[in-house]
């Protein structure tokens, strides 16, 4: 299939490569052009403008946040103007429920289709085609892009015909991960101050009830207090919690644990944690228990 | 080894059976004597009083709460009076850090030893020798009872020479489980009110990042709103959160997520949830989001 | 002075009347024109469009929320287009810090001045010239409108030369009031469930340490569970807490009590409380303690 | 009337003096005897042991905490053993609801009466007979001691015939005060980080809606960050919040704001705040917003 791909960060590069690898004809675009070269070597066409990436049956976007996607989608040279009637915008970024809804409306009005297809997984998973894809959109549009989604991930979950529901699932998933960080942070602050070795404590947890990579990875970062370099930076975590709370506010769902996470991220950033991994909120309970800061 | 076993509830019965099965000479005691019969058939001696279960090299206790263990340990006919010098009290109940410390002191004063050995696992795990045992106490005492601990569980973790540290680990583990319930409850309230099928949502979570029985079990109970019969009753959950908070207060460790759990359990009990499984706190976010009560 | 006044709700009507009473030449505008009649009788000119209210040295706005003020300020027929160079927009609505900042920039760019002058007080205070005015803006502009501000309130506090700081003070004040409601709600749930008469309890509080109308008023509403008719409706309270949290997020100030209030308002609204006074969040602790709903 | 008075701290000394001043025959006892001298000079008899203070129609206790009162009340030389049948124990300390209940039962069993009469006010108020007294107990007993209560305070509120209800009122009052500290702390962290002068901000608040000494006093301490010397030390604040939460747990009343206060006090103490005034929790929001510690 002829597809465009906009946004070649750590995640996007791997995804675009896998589309190429599956035999699709891919035109890539990135704001800073040098990131396109690796893709060009693998056979991608390189677009000089967003519009040039919109000539196929579908165009993926994988961008940092709402503002970036709004910039690329709306406006003069944007996707909405240049995508063909009947073509499909597949948005894989972690964006707000609200933006997803607005994009769906705008594309519908423009005679195009919109599929939200955010992904779970880190850059390694993107590179290794191990992503989990959560997709939502009109049935026909989702069906049309399913081969593309299968090319980038190990499994695709279709959750709704309303695109924004996929974003809600993605955001709520990040909320659950952050909840694990908070819970581990509190438990390890308690056990650690009690005198228990933090690594042994984690070993007990993760070889019994919590025997899953998520707990091992984040527990290890907290036990080691190793928050640099950031795999997923604290401001992104803060942003996702904000988007969860915004979606919850629209739906009128109180989420006190998400509120706690919000306050944790603000504390972390206020103390200068912009460069740290988001798991650094897991060190705050130790600090509040009198441990040395930072 | 010649051992006593006091407390033949769902957990204790399985543990005592496994001690018998491993070839130990076991004398059992239970307040209501009829529970002893199944053990007698398997070769246990049945004690008519606590004192009669204290004649061996070690005596296990597996009782409901602090009050029950205090009753059995202290006082006229209790363990402290009747255990031989040098013999070991192995306390597997989920008790407070404070009681564990007091028992350690009292046994030391009486020339006896005290090992705290709380366990992770449900009754099925106890029956199937699949428990995880967290043990702490004087090195020599722990070494002496290690064959016994290996007879009741699949793995033993020795965390400290201070017995109460094992209780701290156990309590913090229950805190972590309750945190999972809260996080899942909030996430499912959000996704559900958004219109996503709760079971599909759970399937996505547990086939990806949260692929572990704990999330499947509790997520399923919350999705089904199936809180009866209770596998672990809400008042016991409330008690454990109270003990976590008490230990955290002594150590001066603020735990806002544990505080949230405390309030959840009180709400659940105030609304009449005494008979429900503790996972019923995971339904409160849905209720606070306007869903029907109870 | 020749001034315009846009927004003749319960608050605005009283304020405009007091401007007239102080001898100013007032041109009023309201979306639904019938509210202008009472003012016309007292000597006001009535504008048919926003632009017609912008012909003087200053124009007040007293509107429901950000959206209403944005509509009136920006766009074709709006204040920014029609206010004379050097004239002053005095915004008394409770709006976001962010909108205040954007208005200040836009007016500066248009060669006009912007003063934020939100007020504390209910409609009776507006009518009786008993408002407290919190003003901020460029020194010269604030000085120019001081006679106007003195005409509508009993006291004016000038807090900064940055207009949005006045809005921050106003929003934080509403946060403090909502905190009083929450605290009283929890205390009365406790005392009431303990068996103490709620009115006597309130009498003790407000004749001793909390001898101030705020506690008497809100305490009385909570004790009586009299939340209709709304003096200040729950959705407005929810909005203000949202704006406080937004300002706090920008400044990176974690506010866990504000987060709690957010969750309270969402719970109230999710349970159908849109028509209730915002003090109805003070009944939620009683409900969470097992009291009957609603 | 012939009365005893046990506990001559800052509060108790003033209260005992006022009893003397009202013409009562007072026998005082204090653990460290030198504090009795000032009272002896004013005409008090000085008891060498608790028992000697129990010879009258009533005996007051004004002690630091539950443990101190338990020590004085129960046991060999304690009040219960030595108070005459029909005589009345008036407990003015801030104690737990649970201890109050146990004392009521013990005195009833001993043929004596028990009145809980905790007070609101600082040492100056005690000295100046300006305390507010909250009393509860059997009607006849309360009536009998009313002249005594009137001698120590400006007003007496009788809330229940169950003594522990007076303690519940007192504890909930301290919760309300601590809530004011938290709310002011968050609001001032926000306003201060926004750039508003903290003293001016406080002036606005306390000359408008919050025009009451409580807000002025605590707001001033927070604005000045003047937490030494402690008027009411942080560990006492932490204790009172603990007692509120304990009473709330017994009654099954979730109090999330009280839970937040609990975590604040633990953070304060964990960071070394034992010597600080309890209002120092009002500085934590500023610290969490990135301000310098301590």
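By written order: A, B, C and D. Residues from 1 in each chain.
Criterion: a contact is a pair of C-beta atoms (placed from the backbone, for glycine too) under 8 Å apart; a residue touches a chain by one contact, two chains touch by 3 or more.
Computed from a prediction, not measured in an experiment: that's the story for all the values here.
Asks: Going by average Cα coordinates, which chain is farthest removed from chain D?
Replies: A
Asks: When contacts are scored as defined above, which chain pair ends up with more C-beta pairs, A-D or B-D?
Replies: The comparison resolves to B-D.
Asks: Please tell me the distance, in whole Å, between the geometric centres of chain B and chain D computed from their C-alpha atoms.
Replies: Centre-to-centre distance between chain B and chain D: 38 Å.
Asks: Taking the mean of the C-alpha atoms as each chain's centre, how many Å separate chain A from chain B?
Replies: Roughly 38 Å separates the two chain centres.
Asks: Suppose each chain is reduced to the average of its Cα coordinates; what separation in Å results between chain A and chain D?
Replies: Those two chain centres are 53 Å apart.
Asks: Among the residues of chain B, which ones contact at least 2 other chains?
Replies: 248, 252-256, 260, 263, 266-267, 270, 288-290
Asks: Within the complex, which stretch of chain B touches chain D?
Replies: Touching chain D: residues 242, 248-249, 252-256, 259-260, 262-264, 266-267, 269-270 of chain B.
Asks: Which of the residues in chain A come into contact with chain D in the complex?
Replies: 256, 263, 266-267, 270-272, 288-290, 293
Asks: Please give the residue numbers of chain C that touch chain D in the complex, ascending.
Replies: 97, 120, 132, 134, 155, 157, 159-160, 162, 165, 168-169, 172-173, 175-177, 179-180, 182-184, 186-187, 189-191, 193-197, 200-201, 203-205, 207-212, 214, 244, 247-248, 251-258, 260, 285, 288-290
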